[in-house]
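Here come two complexes built around subunit A, the first alongside subunit B, the second alongside subunit C.
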Partner chain A sequence: MRNKLTEMGKKQLAFYFDSSSCSGCKTCQVACKDKHDSGEGILWRRVYEAAGGDWVKDGNAWVPNVYSYYISMACNHCVEPLCLYSCPNNAIVKNDDGIVLIEKDRCMGCRYCEWNCPYGALQFDKSQGVMTKCTFCDDYLAEGKKPSCITACPMRVLDIGELEELEKEHGKSNEIFPMPRAHYTQPAIVVKPHRDARMAENVEMKIDNLEEIKNEQ
Partner chain B sequence: MRLSAFFSGGLLASGSLLGCLQGEEGKGQIVSVNDDGSVIIRAGCPSHNCGGRCVLKLHVRDGEIVRIETDDRPTDDISDPQLRACIRGRSYRRRQYHPDRLKYPMKRVGERGEGKFERISWDEALEILASRLKRVKEKYGNSAILVPYGTGSYNQTNGRQTAARLMNLFGGSLGFYNSYSWACISRATPYVYGTSVTGNQRQDWINSRYIIMWGWNPAEMRDGTNSEFFIKKARENGARVICIDPRMSMSAVSLADEWIPIRPGTDTALMSAMAYVIISEDLHDKDFINRCCIGFDKSQMPDGLEEEESYIDYIFGTKDGVPKTPGWAEEITGIPARTIIRIGREYGSIKPAMLYQGYGMQRRAYGEQPVLGGCVLAAITGNVGISGGWASGIALQVADGGPLWNVFPTGRNPVREMIPVFLWTEAVLRGKEMGPEDGVVGGDRLQNNIKLIWCVASNILINQHSDVNRSAEILKDENLVEFIAFQDQFMTPSGRFADLVLPVCTQFEVWGLQDGWKYGDEVIINPKIYDPPNEAKSDYRICAELSEKLGLKDEFTQGRDEREWIEWAVNHFRNTRFPEIPSLDQLHEKNRGVYSVPVEKPKVALSDFRDDPENNPLNTPTGKIEIFSRQLYDMDKPDVIPPVPKYIQEWESPFGEESKRFPLQAVGHHYMPRVHSIHDQIDWLEEAFPQRVFINPLDASDRGIKNGDQVRVYNERGEMVIPCRVTAKIMPGVVNIPQGAWWTPDEEGVDRRGCVNVLTSHKWTPLAFGNAQHTIMCQVEKA
Partner chain C sequence: MNSNEWPLVFFTLLSQMTAGIIIISFIVGLFVRNSELLSDFELKRNYFFVSLVLMVIALAISFFHLSAPLQSVFALANLQTSWLSREIFCMSMFTFLIAVCCAAVKFGIPGISGLPYWHIAAAFTGLLLVWIMARLYMIPIVPAWNNYATMIGFFTSIFLLGGVALLVILVVTGGKSFPFDQLKPVMWALIVVVSLAVVAKLLNVFLFQSGISFTGGSLPPPEAPFSWHVIHVIFFVAGFFLLAYWAYSQMQHTELYRPQMVYLSFALLFVSEIFGRAIFYALYYRLGM
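Let's turn to the complex of A and B:
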């Protein structure tokens, strides 16, 4: 099954995200909520605020040793989608564009996929009793438009493309903190890192805004 | 999706979208229709006074907005970029369909401030308001009436300007000048430059090599749609960008190469020390100073004042014995001297450079000083009047001062006396005693105390004015203000103190129009999408109906409905800033939501003056850039209004006695999810950006506070209990309570929502009589 899904030559759409200029304004998050009418607590796209470091008193002065950047993330429509593999009812599919989708009428709401996704992309909708996730705005793609989050961005730091093309242009960059190691699922995303992202190796970085991103349901 | 031309005459003031689809009138509008039957209408956003002017692409089905996208014009060039709405505009459905929208007129039934009301008819409501206006006019005179400052609605047909027009026809109301946003920067800038038009067009920013975002956070407050995007472009073009701010703001993270935290209220100390570095290292632009400035040194002092303290005297401590060295400034600002030396050298040597002043630092005690100080730094480095430079100050856009904002004609106010806007509570308590010493202009004394307040599109009565608990006590007393009418879309904290409540429609329910915000050469159109729900009406409609009861209908309406006033406004723009703007019918037909003028060759402010200062003098007394101002000298208050910009320790300060009880400085920054107090009730926005107090880990651990804890924030004026965010992204010694949260007192009077104004002081600044709402000392403890 795994080989069939990822056979060579198949299209793999991917997100591009320029973290170096992301302001964390979350317009993408709300554009997504508005388009998909996802309820409170459901964040198909969400923005992680990474922060770390400390302050040093130097005489009368305060020296900041503080680092921060934002990671806007939806579903990464992984090349190896663990969510799909874990679904006991085959309710998750990967389409010809490489987009990972949930077939709602097959979903039992068991939430196994939620446990398996290392990105928190799969989110339970209590009112419907099913899992939900980013669809890459496949309806917009069919109309020749880009996903809602992309065209929303006031800083123009989001885009889409073919994974291979994006990696050719920007290099492979898909495990910026707080993203997990990429080898588990091979996420279809290319992140241009903020300069502070390299500090994650030297200082303890944490997600500063956990309360803003957890799926409440 | 298919594209069709529909007949849209129904989008007249009295019409609705249904009318549009039925094609009642025969005017064509190009609308596309989605497969689900929804149609696309493009509309300007917002009708509030946020820092943006954007475009929303509304999907409308069966009379309901079912989706909101943004500007989708095919080109996104820097000369005329897309006006992409932010999280506030994109959340607007949650505001539009919020269950708490005011539905009917109401009158007070409990004690004033208790918030108890009962429904009444529109006729009764307007009869009450008309009779109270007449009674106060008869008993006291028109100057006892106040239509307070407020920018909650801002699109010509919604907003306080409609009531101001009616009151002016009725005999006037107490005038005011200045604003809560820009009091010091608008007042102080002309002392240096003789004008407020000191800003280049934004497209020129990409020519800058060095940009200081000084207390400026365009990524969050926008300061003109796309300002953040222009800085991003400037940086891509090679500019080095630094951000000076007590908070590691969204702009510091996303736009700056370096963040320099500064102790709030000490900006002029840093500016002075940068000047010390620049001058002592001979980096100042001597030719420019000689040709274009006065007051720099002894050789440039005004006649008869040669022995007074010049700018260089102050910087080197010639008179006061205190050289303003980086070491001196380190103690005050908390910035290491070596950093001050470095940025002084950078700003003094990298050309051209731009020092952009945010507005937060001028909403402080002595907020005039950093405005003057920034202007002087720009002048002594010769960054005035050149491409890629920036004169600093309020920086309205060249050549014409930029957007006009409200053009709806309010007429002349027959009451000539005006107060500084921030002193309205003083005019309630002691108006008749107020004169020039309180900033009153237009007369020696006020004729009255304020006796009637008609509050339209404003939350200034409680939430946005300083010292909420004080304001609440003043307003509760019916012997002071005898009648309060409140006209808005939601029951805000100000509304709770009303005697009469009038429900207003939103930006999608009335025709409206706005031009850019400070920058931006565009006009955005708010077409009326459908009729207001329940009994809400536009501010204009309410005033028109009231004008009938006051016998002023013809004069007030001039026979126009809301759409016809917007036609009037379009014509006004054609006669002023936009000679090529099409008619409203044509704009409507195109359905783009915006008319814009691409800026291919950005203009540069003050360049004529720079090129030939003798023949193109400034509008200052000397015609030059006044580093030393004789006008300020003549005010004879050198301790608080010095003639050259100086650092003055604030009246509440970490260096004062008060810091023993209240050791933390508090600021209330403009928060991403709100436009001032607007949008505070919107779930999607609260989910994205909850209200809380931000505190440094060092201050938190001293107090046993952990991230997420409920904490008590207090000083002698008030207290709140709200959750905290413990984050290294704010300087030690400083806490931030984002401004605009709705005051929600419990039985003990403790605010449970986090309205920063329970902590702020109503003391005003010395020159501008402006609000100093960020000068606060407080204490925080675990609740």
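Let's turn to the complex of A and C:
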């Protein structure tokens, strides 16, 4: 039985990401790694390069019709976190702000949560033998500051806010390729799509930088 | 396939084989109860003790999958929503019930003398365990696993490995002096069970294929090494035909016919299942990122 925490009157913090203005510089990725001193191969925030296209006939000529855009993605602190539901040890919790956190002292390193997260948010730290993930920089939030990825972004394409308020302001948009369909976990994120963006489960597009972002620990 | 998933290959196969031994022995026992053949030849003692040893080995192997095994003390904390928590609970219950059966057979402990009831409980828990195991892998975002091929595949392993393992126990227990003439119904029951498992396994290939051919993921579907597929198929075919040949030959003899063929058949089928399960894990990929 699942608990819809948002229905219990609790807050649900969410990320906002403007894909239409993201330049793909990956400063957010680096800032996150720097802030949390995460180990080799661990990327709590990853910038995906989505690309696609084909040839189109223009008069007597065939011309390339290619496109690409970036999706910056960390944990979406989902409303229905499959990682939390799947963890046998109750090592994954959702706090009053809707932030999904790992209690490392309870994690036995079975990695079942990793199988269940469609956003690749749960990352195994070999040196500690436990799972790790984005904390929404909850220590910064307690000091009234924003997460490191947001403050580092030179294009100002990342932000946070209450999920409901973000959805009111920008609309509900959380199924942009390479994201999965939202119904699996109800991710707490709003994405302003790039003009060439495609929907989830699009078979004509691919992720161009898989080697860079995959965690092989 | 990650190297940390190899313990899961052996853990799942050993526990499913044990569930098979307990379930099939119970079913077969229903048909041969009158002849009391099972108790005459101390078969019960053997298959319960073999089952207990197999479960202890399976549980020990499962710890190699964990990177922080000491924290497994919390593993039953989320029975409400976690299939893994439920699996661990059911696994513990199954092992406990087998241990009670062993105690009942070995010591005849007062109060637990009703062995058939404990055997029923263990068989039912074994079925439940394998169902939970399959549900654990039927993750909505994993197309290769989230279909009934997983369920059928796991139950096929129960009857394939469990059936052949029980046959091995029968042969080892009996030796040359075993009156196989009287035990023909038991042998045939086991061979029918194994044959049905083989048919289910073949049919399941198509169901599994539909799961792995899903194309809506943004990550490229992985592939298992070709050599694994070759070993899986060749060992399976060789093991099954060897068993069939042995069964046919045994029908012509009143004494035990070349038990080495049964051992070899079991070994071939077990290796085949190891590679089949490794392929299953290797084909994990999820929707999304």
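In the analysis below, the second predicted complex is superposed on the first by the 198 of 217 C-alpha atoms of A that agree within 3 Å, B and C clash if a C-alpha of one lies under 4 Å from a C-alpha of the other, contacts with A are read in each partner's own complex, and residues count from 1 in each chain.
As a convention for this text, a contact is a pair of C-beta atoms (placed from the backbone, for glycine too) under 8 Å apart; a residue touches a chain by one contact, two chains touch by 3 or more.
None of these values were measured; they are calculated from a predicted model.
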> Between subunit B and subunit C, positioned on subunit A by superposition, is the outcome a clash or a fit?
Replying inline: fit
>> Quick check on the superposed pair: does A:L122 touch subunit B, subunit C, both, or neither? Answer first, second, both or neither.
In response: neither
> Looking at the overlay, what does A:C149 touch: subunit B (first), subunit C (second), both, or neither?
Replying inline: neither
>> Just to be sure I read the superposition right, which of the two partners does A:A188 touch: subunit B = first, subunit C = second, or both, or neither?
In response: neither
> Which partner does A:C137 reach: the first (subunit B), the second (subunit C), both, or neither?
Replying inline: neither
> Once the shared chain is lined up, is A:S23 touching subunit B (first), subunit C (second), both, or neither of them?
Replying inline: first
> If you stack the two complexes on chain A, which partner ends up touching A:I207: first (subunit B), second (subunit C), both, or neither?
Replying inline: second
>> Under the stated touch criterion, which partner chain does A:L158 make contact with: subunit B (first), subunit C (second), both, or neither?
In response: neither
>> Looking at A:I99, would you say it contacts subunit B, subunit C, both, or neither? Reply first, second, both or neither.
In response: neither
>> On the chain A superposition, what angle, as a multiple of 10 degrees, is formed at subunit A by the C-alpha centres of subunit B and subunit C?
In response: 130
> Taking the superposed arrangement, what is the smallest distance in Å from a C-alpha atom of subunit B to one of subunit C?
Replying inline: 13
> Which residues, counting only subunit A, touch subunit C once they are in their complex?
Replying inline: 1-2, 46, 48, 50, 73, 82, 84-91, 105-112, 115-120, 124, 126, 129-130, 177-181, 184, 200-203, 205-207, 210
> For the complex, which residues does subunit A have touching subunit B?
Replying inline: 20-27, 29-31, 33-35, 40-41, 43, 51-55, 58-64, 66, 68-70, 143, 148, 151-156, 194, 208-209, 211-212
> For subunit C, which residues count as touching subunit A in their complex?
Replying inline: 4, 65-72, 74-78, 80-85, 88, 136, 139-142, 215-220, 284, 286-289
> Considering the complex alone, what residue numbers of subunit B touch subunit A?
Replying inline: 1, 67-70, 72, 76, 84-87, 90-91, 93, 219-220, 225-226, 228-229, 232, 248, 250-251, 253-255, 259, 261, 330-331, 334-337, 339, 672, 683-685, 687-690, 696-698, 708, 725, 727-729, 731-732
